[in-house]
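There are two complexes below, and they share chain A, which is joined by chain B in the first and by chain C in the second.
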Partner chain A sequence: MKRFTDSLLGLVVLGVSIITVLFLVIPLLMAAVMSFDSREYLGQFPPPGLSTRWYTSFFSDAYYLKGLKVSLLLALTSTCLSTMVGVAAAFTLDRYRFPGREVLSAFFLSPLIVPHVIIGFSLLLFFSSIGLLDGFVRLVLGHLIITVPYVIRTTLASLVGIRKSFMEAALILGATESRAMWKITVPLAKTGIAAGAVFALAYSLDDVSVSLFLTDPNFYTLPVAMTNMMRSQFDLRIASASVLLMIMTIVLIWLLDRIAGLDNVVGQGVYHK
Partner chain B sequence: MPVLEFSNVNKRFGGELAVDNVSFQVGEGRIVSLLGPSGCGKTTTLRLIAGFEQPDGGDIRIRGESVARKRPYERNVGLVFQDYALFPHMTVEANIAFGMRERGVPQSEFAERTAKVLELVKMQGLQRRNPHQLSGGQQQRVALARALVTEPSLLLLDEPLSNLDAKLRESLRIELKQILRSAGITTIIVTHDQSEAMSMADHIIVMSKGRVMQRGSAEEIYSTPANRFVADFIGQSNWFNGQLQGNRFVTDDGLTIAVGDRAGAGAAELGIRPERIAVRTNGTRGWDGANVLGGKIETTEYLGPTIHHWVRLQSGRTVHAIVQNDGQCFARHGQDIHLEIRPEDCLVLGPEP
Partner chain C sequence: MQTSATTLASDANVRPADAQSVRAPEPGAALTRTAVLLIGIVVAIYAVLMLYPLIRVFEDSFREFVPGRIGSQADAPFTLANYTDLLHPAYASYFWDTFRIGAIASCLGVALAFPLAYFVARRRSDWIRSVTLGFLITLMFLSVLIRVYAIELSFGPVGFARDIAALFGERAGSRFYIQFMVVLGLLHYVVPMSALVLIGTIQNINPRLIEAAQALGAAVWKAHVKVTLPLAARGLLSAFLVSFTLSISAFVIPMVLGRGKIAFVSNLIYNRFSELANFPSGSAVAMVMLVISMTIIFAVSRLASSSRFDGAPR
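Now for the complex of A and B:
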């Protein structure tokens, strides 16, 4: 009887896992298949024939292309900035014990908890009141705020695993503090830093809610373009755009796995040994 | 001129005095050990010399130059960390080159210096290994090589053998001592292990609660401890409370023991090292002029090279005696025996202030 309940529980867990995976994968697969639909109109699944017409259409649409270009440029810019800012913040939080450290740490991580719609709206109000109207700058700053917490978290996690004596050994061997940081701490924390950068890139590519508030007619991201098109001109170019974003994300995940090992990053939060 | 002058140094953490007015000097080529239990201030002293902490008072001079306010990289000090702290992302060679590069040694000297220092620590041929591919003992040698290659004025060793297993520790102790001697480097060894300090250092500074308790050679510290702390920290003793009266000591439980000529009188403590007590079966005599105490063997531990006896005296007090296993002592559990204690083997300490 004991064995029976155990096996039953095992089966239930297995079943739930399979359903979850299917639930995650099926819609994605459907979107991917639909993006190759040969019909001119939006029809039922499955498509009667396949073609690349929606991709051709996507790449010949100036509105989408502009969105894609801005998204890529924005993702690269905000990732570079947020990696620099996040690493600096993580090093500070790791090295120094000062009053208010906990508060500062919570503050840095708060964008993970605060809904992005709220962040987007607040930033819009703030930027308007200080007269910052340039769409690209606003987007970069907005994305910086939502991606920095990931960099801080992964970097901090890898810094925790670095023994204090490494830094001291470098100092006693004649290295200045900044040399020691550059030659010892940064190389040892590089998996965490790289993981943070990849997360930042992925979240920046994906974001709608913050970007929606900060775009202007000249600078809008691909996900924002998709959202707008969904209302005005709903067709399968959205599916092809989704597939493109999916491919980019898959490439990023593959990169992350190559650099840090996916288990290290997602499973254990990059804690060393 | 001494290599290191540590003068009246104070260091506080919070309200606690971790180092309390400590002074000592280390001469050229000497090996000095800071010995004490954890929390005695020895590690703080080491970190003050290295520059990881700054003193609240007093001065630290290396070769006459005050370094108390200098950063670690502004002092020419080598340090072997307790966990060795070899950089895990660098090979043995790169670990050794790190200090030379940071200290501005010309690149052309790297190969020769590395070879020399690896030969000294007997690690030739392992340049290309990574630290995690080395055993604990090998890691320690690399850490030593890394510290020595920059030719520091002073070498600090933090608990050098504590991360190794007991067997390896003894063989490495002798080897480490030979390496230090052949390098001729002035060394300070911080340790809580008395045998490590006694075997490797030619001068021992015993510390407790941030203060220096006693300094001297291993023999001086063992045979004439300055106080009860030193006597107990380095070796064991049987302690009796009582009164010193001229050349005899009267214990509170009524024994009178001749202790030789001593200055002073009054309440004091008498300590007798277990291995200085002879156990004789009744009817045999050993030393002339020794104190003789009758008793019965209560417990015996046969440990091979030595045999430990716990002997209950007629007063009811138990005394611990250690006898060399020379095959001649046939004292057994439950047997009536007598103990012999020579007056010169008695440690008499005034009451602690």
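Now for the complex of A and C:
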């Protein structure tokens, strides 16, 4: 009886795991297959024939292209800025001791837990009240505040492992504070910094809830364009745009794996050789 | 993504030990002028881009609504009307839908993620483990738009799975089926995230404990219920916390999959801005939501770090 329930449990667990994985994968494959549909309209699965018409249509649509261009430019700009700000914050939090340090680090990570819609809404009110109307500047500032915490967190995590004595040794040997920082701490922490930058890039490319409030008719991101299209005309150009975004994500994950190693991102655990 | 709460907790675990040890090997330096300058710049950025805008929203939420401008008029009279309006049942249902559907999706998500996480955590370092890990991390990063679109294509009117509605005895456009779609959308988000949190937890449970329980005569299921689950309690709770926080602040998922029949509080905030341009009312909704979600996060992270979840068998 014990054996029977045990193997039944094993089967149920395996079955649930397989169904879960299928649920996660199959819709994505569906979207990928449908993006090659040859029909002119959005018809039922499976498509009768394959073509690249939706990709051609996507790349000849000025609305989407503009969004793609703004998204890439915005992601690069805000990632550079948030990496600088985040690294400065993490380094000072890690190196110096002062009253209120814990509170400050909680404050710096707080944009992670404030719902992004609220951040977007409050920035819209604020920017309008000071008369900042340029769409691109508004987007850069909005993306800066939501991506900085990721950089701070990964950088802090990588700094914890670095012995302070290395830095002290450099200082004793006559290096200035900033030289010791650039020669010792930065190279040792570069994995965490790079991982943070990849996170920032990914979240900036993906964001809808902050961007939707801050766009103007000239500056909107690809996800905002896709959201508008999903609400007005649900056609398959969105499928081809999704496939493009999927490819970008996979490239970013590959980068993250090369930089930090996916096993290090998750950790192997204590009881794992 | 881990909760910042757990990160902060682990951070706090490292530091006091440093400070308290007798020889204080890693004391950290006293502030220099450059450091003060750097911290000052970062604090200023946060104050301008987060703190001050939130204070403005707080102030705006007490102003009387004057149509036709972004933000309230500077001299508009103060009022509590924006909050009392929210007591109307029509508004309460937005909050009810958000927290109810969010809770359903988070519970289901953690339950589905646990077996998956267990499978990955107990694998040796082979290709199956790396592929599954890479897959989960990719899913975590995947744009929410792709998920929403893929689920709409698969389970919506043209999808291969459209007949699922009939299984429940429902039409594809019914409120129940739309809720089901929103839950699916949230699950697609929450399952990979919970699995990654749980992998970390399960990896740190000594596998010998299960072997010991079995050697002493427990059935496998009993060994897991009595040993693995209690030891993973903290991880389960923090996976739930992450999932719930993400679910209740979801925006695109209910907006697209909810088709106007199901809307979350975040959609309500956006509609106040895009359809009515009623900023004071939107501000009041935002404030209520902020307070509720902060309270939940605080309560659950206090619970997760309390000694009841130490996991030590007693």
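The rule is simple: the second predicted complex is superposed on the first by the 249 of 273 C-alpha atoms of A that agree within 3 Å, B and C clash if a C-alpha of one lies under 4 Å from a C-alpha of the other, contacts with A are read in each partner's own complex, and residues count from 1 in each chain.
As a convention for this text, contacts are C-beta pairs under 8 Å (C-beta built on N, C-alpha and C of every residue); 3 or more make two chains touch, one makes a residue touch a chain.
Values in this document were obtained by computation on a predicted structure and should not be read as measured data.
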item	value
Fit-or-clash call for chain B and chain C when the two complexes are aligned on chain A	fit
Touched partner set for A:Phe166, first chain B, second chain C, both or neither	first
First, second, both or neither for A:Val13, with chain B first and chain C second	second
Contacts of A:Lys183 with chain B and chain C, given as first, second, both or neither	first
Most chain A residues touched (candidates chain B, chain C)	C
Touching partner for A:Gly174 - first (chain B), second (chain C), both, neither	first
Touched partner set for A:Met34, first chain B, second chain C, both or neither	second
Chain B versus chain C as contact partner of A:Leu76, first or second or both or neither	neither
Vertex chain A angle, Cα centres of chain C and chain B, expressed to the nearest 10 degrees	90
Least Cα gap, in Å, left between chain B and chain C after the two complexes are fitted on chain A	7
Shared contact residues on chain A - chain B and chain C	163, 165
Chain A to chain B touching residues, read off their complex	163, 165-166, 168-176, 179, 183-184, 187-188
Residues on chain B engaged by chain A in the complex (per definition of touch)	50-52, 71-73, 77-79, 81-83, 85-89, 98-99, 102-104, 146-147, 150
In the complex with chain A, residue positions of chain C that touch it	1, 3-5, 7-8, 11-12, 14, 25-32, 34-35, 38-39, 41-43, 45-46, 49-50, 52-54, 56-57, 60, 70-71, 112-113, 115-116, 118-119, 121, 124-125, 130, 133-134, 137-139, 141-155, 158-160, 184, 187-188, 191-192, 196, 199-200, 202-207, 219-221, 245, 248-249, 251-252, 255-256, 266, 269-270, 273, 279, 282-283, 286, 289-290, 293-294, 297
Residues of chain A defined as touching chain C within the complex	2, 5-6, 9-10, 13-14, 16-17, 20-21, 23-24, 26-28, 30-31, 34, 42-46, 85, 88-89, 91-92, 94-98, 102, 104-119, 121-126, 128-129, 141-142, 144-145, 148-149, 153, 156-157, 160, 163-165, 177-178, 202, 205-206, 208-209, 212-213, 223, 226-227, 230-231, 234, 238-239, 242, 245-246, 249-250, 252-253, 256-257, 262-263, 265-273
